[in-house]
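Each of the next two complexes has chain A plus one more chain, namely chain B in the first and chain C in the second.
Moving on to the complex of A and B:
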């Protein structure tokens, strides 16, 4: 079985290597918008610390639940992120500050749940994945100006599912005693960040959240 | 597990080719986020009082053993964040700097004497000092260029200092290690006395 496992994992690496070797023009020092709508959606999520924090917290919390919930959480977050971008574009009056506060609250919730190793059923877990995906998508909507909303949303959703998948893969592998402690400590860090950002959302400050 | 692995492979297969396509390089474009993260990460490392207190929490947790070895580092960031939130919204903490200086003295002494307290008492001690340390961070937080990146940086640095303390504390499994750790605790307590003296002098 190990041989088969190794073969499956190697396929995307070989594909990537082959494409890497294909000649292409270097476009150094050009703005981010040049990458197009799809990759702007991917890059937006991967450079948003609050969204990454929430997704990692969700992955850690999910890793303390039954394995059968993993795929449902990933699927829910994927669909929710798609819907969120559409909602954000349609209802632009929702200010970013409100969404920042909402995201900080979500980070705190998944962080606390992970740190306390809270065991729950499917509904709260999927509910948070849904709300987090929608809020994250809506928060990204302001970056869609001049871009294809559909491609941007698709890029963001695939990135959301990928981050959750890799987060869950990593978290599930940390199954030793120290691994479980590391997961809980990581979740408590995410909750701490969420709480402080939440406080910042309700005060005037020169920096940005 | 299979489903996650398949999803991960599909995600990788979708992402890898695109990263290899001729996209723009964003070299030398460090934004506020990077500056905020660096400032936040260096903040606990550049202040000796913070640094010594955080490492001492980890060492003391290792000395106490389970469950303190994992409970203290998990609880500390959460309680520190409460103090940070109080600082951010402008709630004053009387003699906050004195509490921080005292935290170095007390935690150093606890490490030096390998004092065993019940877990609730240990949490109360660490929690009180976590509020003071968090408050100091929180007061400075609104001035950060990117507050979120600053927060991520300093929480990460604080956690890594705890980990460093736990690793040092593991030396206590050897007889010479116990002596070294307790000597370190004594030095930390003495440095803390200097901080308290400085506070009283000011």
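Moving on to the complex of A and C:
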């Protein structure tokens, strides 16, 4: 019975999280100009729960692969986030809605891959890290107004690498049977949240990213 | 691909935004028993140069003549961004003689002023200097009201204050200067770069032949990092106190290049060992120099001993917290990548070379006042330093 109770509670929790994460045009965070461009980039990523969800999902999925891929995934996401901010600033006409929908799709993808413990070679993993980094970076480009884009991008990229590193350090330590189950359960939550964010991104619900 | 990362970071680090100096002004207001108020406002010439344009002949030096010629404009600009009111009625602010003073080697315009306010009621202050140009600017306020000292840090989010006679809560003052120290280090990119240079190799140790080897265990890495950061904070806290009290007075034109030199040495040490093996010793030694560059921050507030001690202590804790924030960001990356030979052989040395080059440019810039690296709109007025 307690399990059933938990399951019932999880539904509104999922929906609540999804609504909170759901995009609304131009409700991206106010840049924290008082702390400068670099830390604005850091803070922007750390307060973007959809990006954190994606990175955590990516870390979980990577933790089911060979350890030698860790550094490559971190490096790819770092460079991709830099490129993403630059692309977002250069091609500002990409709407937040499309980016948010794409990001929700990526959350779903890494979540499902982690939940199913999908073992693939380096290319798909690095490809997803690349696409996720670029989309995440591009989505944060609107927060660079009045700031140094280079420093903002560097801050966001270092934060991306840092979050991935924390995720990998934690996930690699959960190596017992229960640890593997916990990782897969966490990844399935990320997939579920991604699915709901994706659905909500096509409604007019005024949530926030 | 990791080569690309190193190159990208090197290019970004070479961008002009890294040379930002913290922008502070010092506002002192004395309120008499009869309710009259007078004050003094110290504003850095480098800030006024950006806002008003002081260097008429653009030779990089602001002369007394150039400053005098702009006196009216300076007063209009500054007092247009400071408002005192009592019971809803605005107080007239009247500037007296424009003066110049130096705080830790930087030149400041000193604007003494008197006020004419209604006799009774609470005095309210609204501050808006430079916020439109630089949201990271801070106004450091000291109020003497009937013998009671109180302080304030005026920011775009907290631009208004009521100047009351009741004694200031110690907790408020501690929180205010803790936040100020935290923000101050976050914008001190040269200090942050120095710490980053130390942290790039936080998860590595020197083996035979000077090669880098991975340290086993997160615990050991964290302990080493905490030792390094604490040694750095302890060193600049030790220097900051006598520097603020005026016991040690090293001009900024010596301290600022020395700070750049510490980064160069630490970065070079990552490439080829020249410094002591123990990183905390390096951090302590160079922290003494970095502390001197913080000295200009609290000294001009002219606080009484207890208020000064509290402000200084809180400021230092805030600085330590800012360093910890950077460490929390960088150490997991260094730890996750430490086993990769490409990180030890290419990325860490590559980042150190980037830091070495950037600090080298800073060094030349600060020695020769070349204005090579200035963050728009806040350019350093070299001659005014």
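Here is the rule we go by: the second predicted complex is superposed on the first by the 175 of 209 C-alpha atoms of A that agree within 3 Å, B and C clash if a C-alpha of one lies under 4 Å from a C-alpha of the other, contacts with A are read in each partner's own complex, and residues count from 1 in each chain.
As a convention for this text, a residue touches a chain if its C-beta (ideal position, glycine included) is under 8 Å from a C-beta of that chain, and two chains touch if they have at least 3 such contacts.
Here the structure is a predicted model, which is why all the values come from computation and not from measurement.
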Task = Determine, under the contact definition given at the top, whether A:162 touches first (chain B), second (chain C), both, or neither.
result = both
Task = Using the superposition on chain A described above, determine whether A:171 touches chain B (first), chain C (second), both, or neither.
result = neither
Inquiry  = Just to be sure I read the superposition right, which of the two partners does A:193 touch: chain B = first, chain C = second, or both, or neither?
reply    = first
Query = Should A:56 be classified as contacting the first partner (chain B), the second (chain C), both, or neither?
reply = neither
Ask   = Is A:82 contacted by the first partner chain B, the second partner chain C, both or neither?
value = second
Message = Just checking: does A:37 make contact with chain B only, chain C only, both, or neither of them? Give me first, second, both or neither.
response = second
Ask   = Between chain B and chain C, which makes contact with more of the residues in chain A?
value = B
Touching partner for A:150 - first (chain B), second (chain C), both, neither = second
Message = Which partner chains sit in contact with A:70 here, chain B, chain C, both or neither? Use first/second/both/neither.
response = both
Message = Output the chain A positions appearing in both contact lists, the one against chain B and the one against chain C.
response = 34-35, 38-39, 42, 70-71, 74, 158, 161-162, 165-166, 168-169
Key: In the complex with chain A, residue positions of chain C that touch it   = 1-2, 4-5, 8-9, 12-13, 15-18, 20, 135-136, 155-157, 183, 186-187, 189, 192, 218, 328-330, 332-333, 335-337, 339-340, 342-343, 375
Ask   = Taking the complex as given, what residues does chain A use to touch chain C?
value = 33-39, 42, 70-72, 74-76, 78-79, 82, 146, 148, 150-151, 153-154, 158-159, 161-162, 164-166, 168-169
In the complex with chain A, residue positions of chain B that touch it = 1, 3-5, 7-9, 11-28, 32-33, 36, 70, 73-75, 77-78, 80-82, 84-86, 88-90, 138, 141-152, 155-156, 159, 162
Key: Complex contact set, residues of chain A against chain B   = 8-9, 11-13, 15-16, 19-20, 22, 24-32, 34-35, 38-39, 42, 47, 49-50, 53, 67, 70-71, 74, 112, 115, 158, 161-162, 165-166, 168-169, 172, 181, 184-185, 188-189, 191-193, 195-200, 202-209
